[in-house]
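Here is the structure we will look at, set down as structure tokens.
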Amino acid sequence: MTILYGATLAVIAAAGLLTLLRLVRGPLALDRIMALDVLVTMTIAATAVGAVARDDTTAIPVLVVLALLAFIGSVTAAHLVEKREGMR
Amino acid sequence: MNRRPSHPDRFSQGLRQVPMIVWLWLLWVLLWGATSAVVLVGGLLVAVGVVLLFPLPAVLPGGVPRPLRAGRLLVDLLTDLVKSGCTVAWQAVRHGRETPSAIVEVPLSVDSDLLIAAVARLTTMTPGTVVIEIDRRRKRLYVHALPVRDQRDIARRRSDVQAVERRVARAAGHHRGAEKPGPGPTRPDDTRRQSRGRES
Amino acid sequence: MLFLLAAYAAVAAAVPWWQPRLGRAVWAVAALVPLATVVWAGTRAASVLDGEEYRETLSWAPSLGLTVDLRLDPLALLMLWIVAGVGVMVLLYCRYYVEQDAARQAALLLAFAGAMTGLVLADNVFVLYVFWELTTVASFLLVAGRGEGEEERRAARQALLVTAAGGLVMLLGLVVLGQTAGTYRISAILADPPRGGAVSAAVVLVLIGVFAKSAQMPLHGWLPAAMVAPTPVSAYLHAAAMVKAGVYLVARLAPALAEVAPWRPMVLAVGLTTMVLAAWRALRATDLKLLLAYGTISELGLLVTLLGTGTRTAALAGVVMLLAHAAFKSALFLSVGILDHRAGTRDIRELSGLGRRMPALFAVTVLAAASMAGIPPLVGYLGKEAYFEAFLHGTRLDGHEQLTVVLVIGSALTVAYAARFVQGAFGGHPGEAAHRAERPEPGFVAPVAVLAGAGLALGVGYPGTAALATAYADVYPPGPDGPYKLSLWHGFTPVLGLSALTLTLGGLVHLGRRSLPALPRLPDVQRVFDRVVMGVGGLASAVTRRTQVGSLPLYLAVLLTTVVVVPGAALVAGAPPLGSPLPWWSPAEPFLAVVVLVASAAAVGTRHRLTGILLAGAVGYGVAGVFLVRGAPDLALTQFLVETMTLVVVVLVLRRMPARFSPGRTRPRVRLIRAAVAGAVGVFVTGFALVASAARTAPAISSGYARHMEEAGAENIVNAIIVDFRALDTLGEISVLLVAAAGVVSLVRVDGRRRANPSDAGQGGLFPTAHWDEPARTWLPGAHERPGGERSVLLEVATRLLFPSILVFSLFLLFSGHYRPGGGFAGGLVAAQAFVLRYLVGGRADLGAAVRVPAGVVAGVGLLLAAVVGLFPLVLGGTPLESAVVTLHPPVVGTVKFATSLFFDVGVYLLVVGVVLELLSAVGVSLGQEMATADDAKQGGPR
Amino acid sequence: MNMIDGTMALVVGGLFAIGFYLMLQRSLMRIVLGFILLGHGTNLLLLVAGGTPGRPPVPTGTTDASARTADPLPQAMALTAIVITFGLTAFLMALAYRSWRLSGHDEVHDDVEDRLIGTARERADAGPESGRDEAGPAPDRDDGGTAPGEAR
Amino acid sequence: MTGALPALPVLLPALGAGMSLLRLPRPVMRGLSIGVLTAVVACGTALLVLADRHGPQALHVGGWPAPLGITLVADRLSSLLLTVSALVALAVLLFAVGQGTAEDRRSSAVVFHPAYLVLVTGVSLAYLTGDLFNLFVAFEVMLAASYVLITLDADENRTRAGMTYTIVSLTSSLLFLSLVALVYAATGTVTLAQLGPRLAELPDGLRSALALLLLSVLGIKAAIVPLHFWLPDSYPTAPAPITAVFAALLTKVGVYALLRTQTLLFPRTGVWMVLACAAALTMIVGILGALAQDDLNRLLSFTLVSHIGFMLFGIALFDVQGLTGTILYVVHHIVVQAALFLVVGLTVRRTGTAALHRMATRPRPGPLAVTLFVVPALSLSGIPPLSGFVAKLALLRAGVAQGTPAAYVLAGTALLTSLLTLSAMTRVWMAAFMGRPPGRLEERPGEPSGTGRDRRGGTRLMLAAAAGMTTTGVAVAVCAGPLAGLGERAAEDLLHPREYRSAVLEGSQR
Amino acid sequence: MTTVLNAVTAVLFPAGAAFCLLGALGLLRFPDTTSRLHAAAKAQTLGLLLVLVGAAAQMPGRHAPVLLLVALFQLFTAPISSQIIGRTAYRTAGLDRDLLLRDELADRLVRDGIPLPGHDRPQRDDDAER
């Protein structure tokens, strides 16, 4: 099983790096917001796998927090983009 | 403009909050992962406390929910998700930069905020569709779809979304007007409202 | 003696209050104090002259060597009489002289007299210094007066700075002296004089102070300048008393230090040079006061020479001259004052014929001047005889003959300027009408007469003078020819010849003054002082302009460089082992490292505010990931929450700011420097961290926590540390949050008076479809107050459903914090996000509907609760912030066990919620209010 | 015993370098970003340099007692630091906003008073209204330089 | 109950800060703040007496023994400084209440009082804490409050100054936190009492690097040259009472922390050359800066920097006499510098300008204000018999007693600085207080007179506060004997912290 | 039982991870913001759901429901941000109109007589292109 976990994590990490590339490259703020959102999703996934791999349940509240609240930041940022552009 | 919640007696108002309280209680117990008396009693207190301390309009679906239909909805949703995931993934791998797309107007027939929101939500999850704009008044969704190669794809996407809408309406026990299409092209007074809205 | 000082202080302090009632009589009252001093000293005189000493001690700060030791010995007695006696006369004189500011002048003069009294009585070097500087300050105040004239201010400042500079140097000398001697008591130092190199240094330092105070060349410039002061002040401070302080100190220390290396050469060289050169200057002065001032400097040079030589005869002569000078010089000054007061000028070229208009004044002035010139039988003559004797016969100094010649020249010049003074003040210019001047009242002249008469009395009654002087001089062994006795007539001796010679020479110089060759201009110290002051000012400007450039990046760069270089050098020099660090602890780390570093590097490149903050957010998520990987779920939880919260707050602020920040043209070189500094910090921190963690040998103290978890009633150690073990940290931290939020509130309120705009966002230019999204029914109570474009049916429905769930989750975190990751912070932040959501979706009105209590109150209650929980155990006799595990048995539930630190956590929870609410209301509301103006600024402003 | 590993040391160092590079700019927004990054850097440093990594210091629901527990104290300290950093970030942001509102930019410009050092003195020295009460003498004093009243 | 005493100066202001947010009426709020500060003064005094009689008073907060919990320790030094600081804080508060600028508007008052109380919390905590990380927290509390106060109702210029201040302080805080991390990494503890022995076991290079890093970090807070630039650019812009309390307390807390940590953690013998150089530089650069200024507040800020050098002088000597001198100097300087800033605040209010060259044409303050300026100004210059002289004397004696060339150089620099300070002070004196007919202090041209009685009452309160400070300064001089004794005992404690350690660690066997 | 659960996990984890990776690929490869949104909204969510279910299968009984709760929340919240981002993208010209086969929203607006505000090329935030 350990190999499975390791491989899963590795794949997720690779995905994370790709996302990071999008985050850095943009080109729009919206792209970055999205990428950040995806990064959070991947964090959740990786954390879940990690929790199983390490047999450690302490990270569960972290998962709930991320799943429940991460969108607030994205929505706020998106609002900003809209206002900014709307005011142009 | 907005329908204010009517104020019958306290009791019935309290009754309307019961689903929320039950959900919150359940949430509490799930989070603790225990069913000891302390957790149960505490959870009830917390749930009631939160609802009382931060009063919000009650959330009631327009009809009686149908558990079976809801289950069906869930299954459909999951399959949709898998399908959509595959499609998009394939697009990403195969076409990438040259993925064609379109924005499709989808008239809806349900006339409830809750249901429209649910439809929009599910649509966003279905394969290759993202809701770009919601016209609540005239019950329309504008959906960015991908991949869309021709006019037929557009029609198919439209009917896909409407199918989701039907399923949702059924799951919520909501039949009225399910087949009735949304209002036709713009009425003059609407235009006025819109322009006013723009000025404000 | 202490009571004398107290009397001076008390009366000086009281005089300003008395003055309005007493009028001019206040001077008489003031004069009573020095009079009492004279009398008191008189009663003690006999026994003191017999060798008995009076001592008093008041403890001040003994561990610093500060003990108010007072001692009355012959020298002190002599000085006391001078100070108090002249003081009485000056004060009485002031009754006629001073026209305005009488209260201030009287108080200051009296305070000065007190300080002088203390100075001469002090038997502790530091106490002496205290009074020394007090006289300096009093002089400053008296010279400056009300400071209305530029000249006065300048002169006062010069006097103050020069003498204070000398004083400071002297202080160092005194400290060294005391340190070497092992005591700060003057009598003890005298009894057992220290020796050694340090003492030589001390001597130099002390003498510099003395020279400054007694206006010895080249530090004399302040004294002529100070002549702008009212004449009584000049008479008292700058002739009779204050300038004598230096002389007094020389006299005081010479018995102990005269044999120490540089003492005698310094004293003789400086003293004699001053005597001659200043006398020369006096001859050239046309202002009578200035003439007297240079005369004073000259005499002070003589006095320093005599008293500093360290032989019995010289000391005897010095004491006599001290007395003589006090009497005649103050008399002369006072008489100039009368002339000035009545004639309106004191310029020799303008005065004429006053001798006839004021015969009495003329007479006493001539008497005083004669004493100055050393004409028998006045006391000046007595002194002159003695000092010629001292240098001609009484010493075995090398080159005493040459010294005598110098003395003769100096004395001759003294005679000359004395003559010039009398001639200039009272003589008539041929063909010029007598200067119109009112005749002074007898009371005005009386003090002058008394002082001039004193010169006569001391001369004629020379046995008395001798008794007084010998008592001091006897500390030295008698000269080779036995003890010299003061007398008006020693027979026809070479000394008598020298006296006559000086008189003759002086007379000749005076008569031939017009045909004197134009002598070379003397070095002008005045200019030196100005140059020094200007130079210091220029230096100050230059240094400050170079260092204090006002540029924050530069400051930070300097700061960081210092921080890196100073400890870094030590680190490199010590070269402790780096250890052998693992490449990584968990394979996830390199991945997270890439995320963190790439995102942060990208943040450097962006000019877009939002992009920057998003990238910073990514860094935060990466760091939180590290926290998770390294077994810190609590941290990760908080970090994630804080990250979102930061994003929200920053974005809310950014709403009103331009999308990009101006790039700021930075030269490549500057950028390179910045990068180098920053890079150095990075390297430094990396290296330091490696070295530090490699050096650990002792176990971490935190292993102790696990053992106490039962007591703390918790399972989550981190949470227990936060709310219980180290609750004080947390208290501080929530205070920071609270006050930062308050700061935000005050900062964003740029114009607090502006009326609130009812709508949160009234700007136009929304996308035309914006208002389509408005829900049909109310989901959030306040949302309908938002304009259409701000709403979204999806969001509102979701918010309605999520809000209670988030709150329940936050409460779960709060209550479960003792057992698993969570706690008051995390809970509070989660709840705060629920409110953020309400604000975001429903707007301000909806937030108001959700929370009906002012945000500040919520936060305040939070801090209050935490503090009360901290203090409550005191009521039960416990320790502050102590927690107890409480077990309750309520019905139904069974057993409830919790630690009271839970309440602390609740306080934290409330505070966090309150703080975020406050931030929201501040950032949201104020920004909304000011949008109109912000738009204006955008259009017309510099952007 | 090495507690910090190479990767983390590098990350911390990198965050410090980048953070301080940003702090050294004039734009307040960059400074805020720098501060945020530095906050992350220090928190990370606190955790990784101070603490032994291991299992979370929380009951994990498993019985693997052999595993080493992470040092909880640096965690608590870092937690405190995180919250403080958050509060101060908000404050700094508000400061940037205020600066922008008041001056139209959010850059930290040089101190004007500092630029005026020296000039103010000269102004004071030469100013007609001010008495020549300055330490340095006025220029017209240079040629004279004699004591008051003294014959020239 | 006395056992809990060390916690009160921290908890009471925190409590007050919480309460002051509860929308209280303004008089109640003022009363609350004044009451809390009075209580802190009382606690400080009581602690001082206890600590002097019975040795360090340690309080294990929360009942947890030292390495686990945080211990508050009130020894002679900390309780002495706590008392003096609280006293100054109280006087400045009265001044601020009288002046009303800080709380003219209700909205500002809502911020001012909590921030001020939090500031006091931080200061008290910094003095009392026996824990390195808690010291960091204390600094943060104090600084966060100071950021708020310095930018309260700030205009453009003050905002800019506030930025400089905030950003530099934040940098120093970050560095401090890094230091805590490094210290913990190397030793595994943050309890000061435990750190000394553990640090002693470290390799020399690391140990001295840590000591120097600590010095640099605290040096920023204490404004040691060349880490001082921020101070003269930021302090002078704030309203008088705020500048006063900053000048009096914040840098001194830095000096205190330096004193505490260097003696407790890195004991050494002989002159500490690095610090000696810094001290000399600080004195000279600071005072030259003061001489170059035309702005009154800036001038005073530079003297503040300069006189920090005196305190470093004593620390650099690192013996009982030197530390005694430093302690005396700190006490003296807290009081005197606050008094000066307050009086200058009054003067600036009266003349309407802080620029010396403009003051010549403005009405000058009355005799009382002049006296209130002159006494502390002379005291600052070290003119006897005022407190500055006593403190300076103690330092000089210490320097001479040590007798090394470095000590002599320092002593000479100190004297030169005294002289230049005197020069700067007389310049101010003449420009601001001399040469013009006096005006009445109550009126200020160009300012709406407001309700007359209220204003006069306010001015009286301000004068009273300034007079109180000046009197305290004189009292420091009068009580120099007991103070010097106390300072010497405190210095002994610092150099031989066995008692301190045992007081902190006594319960650790539990 | 355990074997079954293990098998579930063994299937779901790689599948989930694969979807994550594909989603990320889509995020990188799709031409405009709105298209990328598809990748973000769906592939990601799906991947996460699979992983969470797989993880729940391995968790002790009392924690498994919480993981499902997480999945539920994710399902609930993910579309919200997607929709908001999508509409913002449209409103702020975040999508490449050249790639659209048909834009019925624009048609509708034209029908209503509402001119589209100046929708030129979106302003890029990227400075690297300078």
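The first chain written gets the first letter, and so on, giving A, B, C, D, E and F; residue counts start at 1 in each chain.
As a convention for this text, a contact is a pair of C-beta atoms (placed from the backbone, for glycine too) under 8 Å apart; a residue touches a chain by one contact, two chains touch by 3 or more.
If you want to know which protein each chain is, UniProt gives these names: A = Sodium:proton antiporter; B = Na+/H+ antiporter subunit E; C = Na+/H+ antiporter subunit A; D = Na(+)/H(+) antiporter subunit C; F = Monovalent cation/H(+) antiporter subunit G.
Please read these numbers as outputs of a predicted model, since none were measured by experiment.
*Asks:* State the smallest step count from subunit C (Na+/H+ antiporter subunit A) to subunit F, taking one step as a move to a touching chain.
*Replies:* 1
*Asks:* Average the CA atoms of each chain to get its centre, and name the chain whose centre is farthest from that of subunit F.
*Replies:* Between subunit F and every other chain, the largest centroid distance is to C.
*Asks:* Whole-Å distance, subunit B (Na+/H+ antiporter subunit E) centre to subunit C (Na+/H+ antiporter subunit A) centre, using C-alpha means?
*Replies:* Going by mean C-alpha positions, subunit B (Na+/H+ antiporter subunit E) sits 73 Å from subunit C (Na+/H+ antiporter subunit A).
*Asks:* Averaged over CA atoms, how far is the centre of subunit D from the centre of subunit E? Could you give it in whole Å?
*Replies:* So the centroids are 20 Å from each other.
*Asks:* Could you state the distance in Å from the CA-based centre of subunit E to that of subunit F?
*Replies:* Here the centre of subunit F sits 56 Å away from the centre of subunit E.
*Asks:* What is the distance in Å between the mean C-alpha positions of subunit A (Sodium:proton antiporter) and subunit B (Na+/H+ antiporter subunit E)?
*Replies:* About 24 Å separates the centre of subunit A (Sodium:proton antiporter) from that of subunit B (Na+/H+ antiporter subunit E).
*Asks:* Check each residue of subunit E and list the ones that touch at least two other chains.
*Replies:* 133, 137, 140, 144, 147-148, 151, 154, 163-164, 167, 171, 178, 181-182, 184-185, 190, 233, 291-293, 423, 427, 430, 434-435, in rising order.
*Asks:* Among the residues of subunit C (Na+/H+ antiporter subunit A), which ones contact at least 2 other chains?
*Replies:* Correct list: 150, 153, 533, 536-537, 541, 544-545, 548, 550, 552, 556, 560, 608, 610-611, 615, 629, 633, 659, 685, 689, 692-693, 696, 700-702, 705, 725-726, 729, 732-733, 736, 739-740, 743, 747, 765-770, 773, 789, 792, 794-795, 798, 801-802, 805, 809, 816, 820-821.
*Asks:* Check each residue of subunit F and list the ones that touch at least two other chains.
*Replies:* Residues 23, 25, 37, 45, 47, 60, 63, 66, 69, 76-80, 83-84, 87, 89, 91-92, 105, 114, 125-126, 128 of subunit F touch two or more partner chains.
*Asks:* Going by the contact rule set out above, which residues of subunit C (Na+/H+ antiporter subunit A) touch subunit E in the complex?
*Replies:* 59-66, 126, 129-130, 133-134, 136-137, 140, 144, 146-150, 153, 157, 160-161, 164-165, 168-169, 171-172, 175-176, 179, 198, 533, 536-537, 539-541, 543-545, 547-548, 550, 552, 555-556, 558-560, 562-563, 566-568, 570-577, 685, 688-689, 691-693, 695-702, 704-705, 708, 724-729, 731-733, 735-736, 738-740, 742-743, 745-747, 749, 752, 854, 856-857, 859-868, 870-871, 874, 878-883
*Asks:* Under the stated contact criterion, what part of subunit D meets subunit E in this complex?
*Replies:* For this pair, the touching residues of subunit D are 3-4, 16, 23, 28, 31, 35, 38-39, 41-42, 45-46, 49-50, 73-74, 77, 80-81, 84, 87-88, 91-92, 95, 98-99, 102-103, 108-109, 111-114, 116-118, 120-121, 123-124, 127, 129-131, 133-135.
*Asks:* In their complex, what parts of subunit C (Na+/H+ antiporter subunit A) are in touch with subunit B (Na+/H+ antiporter subunit E)?
*Replies:* Within the complex, subunit C (Na+/H+ antiporter subunit A) contacts subunit B (Na+/H+ antiporter subunit E) at residues 762, 764, 766, 768-781, 784, 787-789, 792-794, 796-798, 800-801, 803-805, 807-809, 811-812, 815-816, 850, 892-896.
*Asks:* Per the contact definition, I'd like the list of subunit B (Na+/H+ antiporter subunit E) residues that touch subunit F in the complex.
*Replies:* Touch list, subunit B (Na+/H+ antiporter subunit E) to subunit F: 27, 30-31, 33-34, 81-82, 84-85, 88-89, 91-93, 96-105, 120-122, 124-125, 127-128, 130-134, 142, 144, 146, 148-151, 153-154, 185-186, 191, 194-195, 198.
*Asks:* Which residues, counting only subunit A (Sodium:proton antiporter), touch subunit D once they are in their complex?
*Replies:* The touching residues are 54-58.
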